[in-house]
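Supplied in structure tokens, the structure appears directly below.
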Amino acid sequence: MADTAILETPSAALSRRRTMTLNMGPQHPSTHGVLRIVLDLDGEVILKAVADIGFLHTGIEKQCETKTWQQVVPLTDRVDYLSNLANNLAYVLAVERLLQIEIPPRAQYLRVMLTEISRIASHLVWLGTHALDIGAMSMFMYCFREREEILKILEMFSGQRMMTSYLRVGGVALDAPRGWEKVVGRFLDDFPGKIDMYENLLTGNPIWTLRTKGVGYMPLEDLLDWGVTGPMLRAAGLKWDIRKDEPYSGYDKFSFDVPTRTESDVFARYMVRMAELRESLKIARQALDGMPGGAFQADAPQITLPAREKMKTQMEALIYHFKIVTEGFAVPAGEAYACVESPRGELGYYVVSDGGTKPCRVHMRTPSFGNLQILGPMLENTLIADSIAALGSMDFVLGDTDR
Amino acid sequence: MLSEQVQGMRVTQALAGAAAGAVVDGKHDRGELTLEIDAARIAEVCRFLKSDKYERLAAVTCVDVYPMEPRFEMIYHMHSIARNERVRLKCKVGGERPEIESVFPVYRGADWYEREVFDLFGVFFRNHPNMTRILMPDDWEGHPLRKDYPVHGHKYSYSRE
Amino acid sequence: MVDLLLFAFFGGLAVICGIVMITQKHPIASALSLVGAMGSLAVLYLLLGAEFIAAAQLIVYAGAIMVLFLFVIMLLNAGAEPKPMRPSWIAVAVGIPAVLVMFAMLARLIASTVPMDSLVRFGGFTGGSAKDVGNAIFRQYLLPFEVISVLVLIAILGAVVLARKEMD
Amino acid sequence: MDFIVLSLLKTGLVAFVFLTALAYLQWIERKVIAHVQVRVGPNRVGPHGLLQPLTDTIKLLTKEDLIPSHVNKFFYLLAPIIGVSMALISISVIPFGPEIEIPFTGIKTYLGLTDLNIGVLVPLACSGIGVYAVALAGWSSNNKYALLGGLRASAQMISYELPMALSIAAPLLMYNTLDMRKIVEQQGAIKFGFVYSWGIFSYLGLPFVAFILFLICAFAETNRIPFDLPEAENELVAGFHTEYSSMKFASFFMAEYANMTTICCLATVLFLGGWYPPVEFPGVNYIPGLVFVFSGLMMLYHGTVNLVRARDKYTLPAFGIIFCGIGLAHFVPFLMPILVPLFWFLSKVLFLLFLYIWVRATLPRFRYDQLMHFAWGWMFPVSIGVLFATALLVAVWK
Amino acid sequence: MPPSLPNGVPLAAYLGLSAILFALGAAGFLIRKNLITVFMCIELMLNAVNLSFVAFSYHLKQVDGHLFSFFVMVVAAAEAAVGLAIILTVFKNRSTLLVDEVDSLKL
């Protein structure tokens, strides 16, 4: 990296070779966190862009190895702090695959519903910041107003607004709270109108289309080759969604479409995500309407905590409770990879167990890490202003990238 | 040695035809196919798999099985969207001077994943264009995800500064 | 009296700016002092009753031409002259006396031809409004005006051609 | 001597009102944008945040005046001075109202600081010189973001000055003068018995096109959204004033708002009939007073009978009384000729300023090359076309 | 008002100022080495001449002098456009703006 050039004054850099090295980030309004990009500029044209990540590296994978299987769940929240339920889900799916346990339908539906609602929240953050980057400042406030509603729902279910840690190996942490149908239903009723409003403000806006159409184009082959996943791939025309192709958590019971576009530019990514908002609503609505009754945790006493009532009244339950809380549960040796469709793409957890009560290795195949690799090729020969639009359209989360 | 079930899988047969002897071991466990590949031939196998409709390299990572030898298991998660099929490749790399061929020339998406493994495990990738640290600072000592890397007692004491 | 004060102030400012311009090492400083000189001249034009010319001086000269200069300087990043300003000895030996002689001749000429009792007072001449200038341009000086428009057109084309050539 | 004393008094008054208005313009902008964005906006300092501008000023004045070590100090300090002085100068040629008689003295004077034969050219000249502030700030900061922002800003201002001058030239052809007061007085003629011949109402509405062009150029000239690329914080951090802080930053800020106000005044004078109301009917002079009294009564109603928020219990009635007082002042015979024209003038200027703020809360911003292409590929030909069409119409009409 | 001071400025003072500015421009033209600065010195000379045009125009109570300075301005604008384009090209080709080093017609 051209670290030495960064220390130079612009005049010196200019007179030396006519290009200017601009150090964008780690503190920059549009790098969405602590991403640093070293840009070689000729005027306003970017000749070369090198991403420098790792400013938010907190060693979560290493921490996972020191926690019991259940204690890892709150850590996964911190990876992608905008769609933490997807992270919870991928992790518990991997562990459940190792354990080979059956999850009751109510837990499945709760998982699906909340994951989809949190996908909406994540897309809202993306939409607000992306629009703000391009200059539509009011969108940010509107999106955060709606996100607030979602956070309230999440708080209602889990007691936490952002770091919900709501999922457990073997089900969910708590049953749905009283009156949840009304709150979730009201949100699902209101939100379509809000999406219409966003689209009114942006989709047909000539300045918005001027700024987004044809910007940040990448051909599908390059996207695949660089390991890009999620809405970016779908905006390039590949109809691939893990929820459809490798259904998990009962997604095969829901009917929804996988929106695609073919232009593979910023506008296509915007349109795909806007359509995904509506699809997520559809799924959440189906989950709300068809929510089955029954248990919210698997019938596996060694793994799931016993009900409070049972724990206070039955000796075995108390013993299980004590064992699970103090030393955790053992997971049979082996390895498993479970992936889910997070708002940003393929989120996979590769979990290795040596048969103990702590994971031997947890690798997080986070979508932002894979997606961000394309940054260099994508920004080449674009303008600074376009680079902002292209960055926004990638929808990365630095916590997700650096872990 | 390969079980009947693994030998019967399509990928295994295709690999046996294209790169005979590259598959050392394999298992089909909990619905996931894992093939152990001769570490020297990983790039070759990947090149074949890419031509065999495995468009994506989902992830590259590593497992440290310290104190066993060979110490590092390189993991490659391959994914074929066209066939809707996944396969995990595994290569054993010794702990003395861990080194393996880079698959960056085959899948450019391996770029950062290999740098990450180099950064956190210290496995060196031959033919990688930019084998530098990615997550840790450039002047970091040690490779944090190794099992013998201390969890406690960091070399810096922040409290005294 | 006010006339005299204004003249002394802005005339002095123009001279100071002129001196700064030819002594400053950095082109940007030179350019800005030139702008200062032009601004002072614009005030003097106002005193002389040339309102339109004063505005044009500010809009065209200071506002457009000098900005173009500033742009080119910034674009080329033509920093301070590398060596301490040491003009060639010929320029100093011949040029400075020549300039002085020229100045002396001009002064002599002015002293001999211009009546010293001709005083300039603000408001003494009001024929310099936009209307008068426009009348003169489009009646008396129509042909020169057209010629000058063609000249500007040619200049635009020339600038475009030159600039394009260096783009390739 | 009367002339000088009167001029000094007027200058002081205008300077005081103008600077205060600039501070409150920023309060208005924050409030309006906040309400567009479903927020409350400043509401801590004073009732409804009305003292916020004061505290902002105090804060900016008392903040440490940092001069980064790597800047070119002289030009770095010169830039905000040029910027703010150029922005403030142009208000001096704007006429706010007709000739009035100061109550109890019998002295007649014009509302406005000065009337120049070349009045319209002065704001143009000032904005031309104002480019230096931006370019110098960007260059002298010795910061790459600032340099890019400065280059962008000055290129943009120069590009949009041309169509702006052309779109001003179109109405000038109709008025046949550069004197702003004469321009407004020409628009005081009444057509069809009740409509004032505002610029935009005359000549088949062709000046309306020029008005729109002028507004677009005004947005670009003052670097406001959707043309705020020079300070596009999402790309260039803060553009040309990245390295500026405290009062120097506030100078740029003030210059921006002063430019906005001046350019809105210019639009009002050129196109919207200055201090004349839109239509003429017998009681038109009572409208301003009635508007104020009515809004005052509304506030009284909501502050006492129909109280929604407890904290409005004192503020709304107080403001209601103040508004009623202002409204009643409009009915006082010797104040009426002063206040009514001022009301019309200011309401038009405020409407245009509101437009500025409204657009800022709504639109995304252009890209740099799109902006330049828009200037040279669209604005320039269209404004030339409008100029020619106006010239033709004027030639045929007269 | 002191009687010794004339009520106005002598025309000769304007012309003298014009001469001084012209001489300054000429001197700068001779001693400066930066192409752009040399160019700016020419502009200063043009300005000086403009001043005398306008002053004479006042003296003769005719508007013609204004026209001449107006034409000079327009020509200066054209000259600046072409001249700066040439300077740009020179700099791109030779990476210098020193007049001493731009001494060959062809590279």
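Chains: A, B, C, D and E, in written order; residue numbering restarts at 1 for each.
Rule of thumb we're sticking to: contacts are C-beta pairs under 8 Å (C-beta built on N, C-alpha and C of every residue); 3 or more make two chains touch, one makes a residue touch a chain.
These figures come from a predicted structure and were not determined experimentally.
Peer 1: Which chains are shared contacts of chain A and chain C?
Peer 2: Of all the chains present, those in contact with both chain A and chain C are D.
Peer 1: Please state, in steps, how far chain D lies from chain B along the shortest route of touching chains.
Peer 2: When the steps are counted carefully, the minimum from chain B to chain D is 2.
Peer 1: Looking at every pair of chains, which has the largest contact count?
Peer 2: C-E
Peer 1: Report back the single chain whose CA centre is most distant from the CA centre of chain E.
Peer 2: Here the answer is chain B, farthest from chain E.
Peer 1: Taking each chain's centre as the mean of its C-alpha atoms, which one lies nearest the mean of all protein C-alpha atoms here?
Peer 2: Smallest offset from the overall C-alpha mean is found for D.
Peer 1: Give, as an integer number of Å, the spacing between the C-alpha centres of chain B and chain A.
Peer 2: 24
Peer 1: Please report how many Å separate the Cα centroid of chain A from that of chain D, as a whole number.
Peer 2: 45
Peer 1: Taking the mean of the CA coordinates per chain, how far is chain D from chain E in Å?
Peer 2: 36
Peer 1: How big is the gap, in whole Å, between where the Cα atoms of chain C centre and where those of chain D centre?
Peer 2: The computed centroid separation for chain C versus chain D comes out at 32 Å.
Peer 1: Give me the residue numbers in chain C that touch at least two other chains, ranges are fine.
Peer 2: Residues 52, 64.
Peer 1: Check each residue of chain D and list the ones that touch at least two other chains.
Peer 2: 147
Peer 1: List, in ascending order, every residue of chain B touching at least 2 other chains.
Peer 2: Chain B, residues with two or more chain partners: not present.
Peer 1: In the complex, go through chain B and note every residue touching chain A.
Peer 2: The contact residues of chain B facing chain A are 29-32, 34, 55-59, 61, 63-65, 75, 77, 81, 84, 86, 88, 107-113, 116, 120, 133-137, 144-145, 149, 151.
Peer 1: Can you name the residues of chain A that touch chain B in the complex?
Peer 2: Going by the criterion above, the answer is residues 53-54, 57, 59, 61-62, 66, 97-98, 100, 224-229, 238, 240, 245-246, 334-337, 339, 346, 348, 350, 352, 360-361, 363, 365, 369-370, 372-373, 402-403.
Peer 1: In the complex, go through chain C and note every residue touching chain E.
Peer 2: Against chain E, chain C makes touches at 1, 3-4, 7, 11, 14-15, 18-19, 21-22, 27, 30-31, 34, 37-38, 41, 44-45, 47-50, 52-53, 56-57, 60-61, 64-66, 68-69, 72-73, 75-76, 78, 81-82, 85, 87-88, 91-92, 95-96, 99-100, 102-103, 106-107, 110-111, 114-121, 124-125, 127-128, 132-133, 136-137, 140-141, 144, 148, 151-152, 154-156, 158-159, 162-163, 165-166.
Peer 1: So in the complex, the part of chain E that touches chain C is made up of which residues?
Peer 2: Going by the criterion above, the answer is residues 1, 5-17, 19-28, 30-34, 36-37, 39-41, 43-44, 47, 50-51, 54-55, 57-59, 61-64, 66-67, 69-71, 73-82, 84-89, 91-93, 97-98, 100.
Peer 1: Once bound in the complex, which stretches of chain D touch chain A?
Peer 2: 33, 36-39, 70, 142-145, 147-148, 225-226, 228-229, 232-237, 360-370
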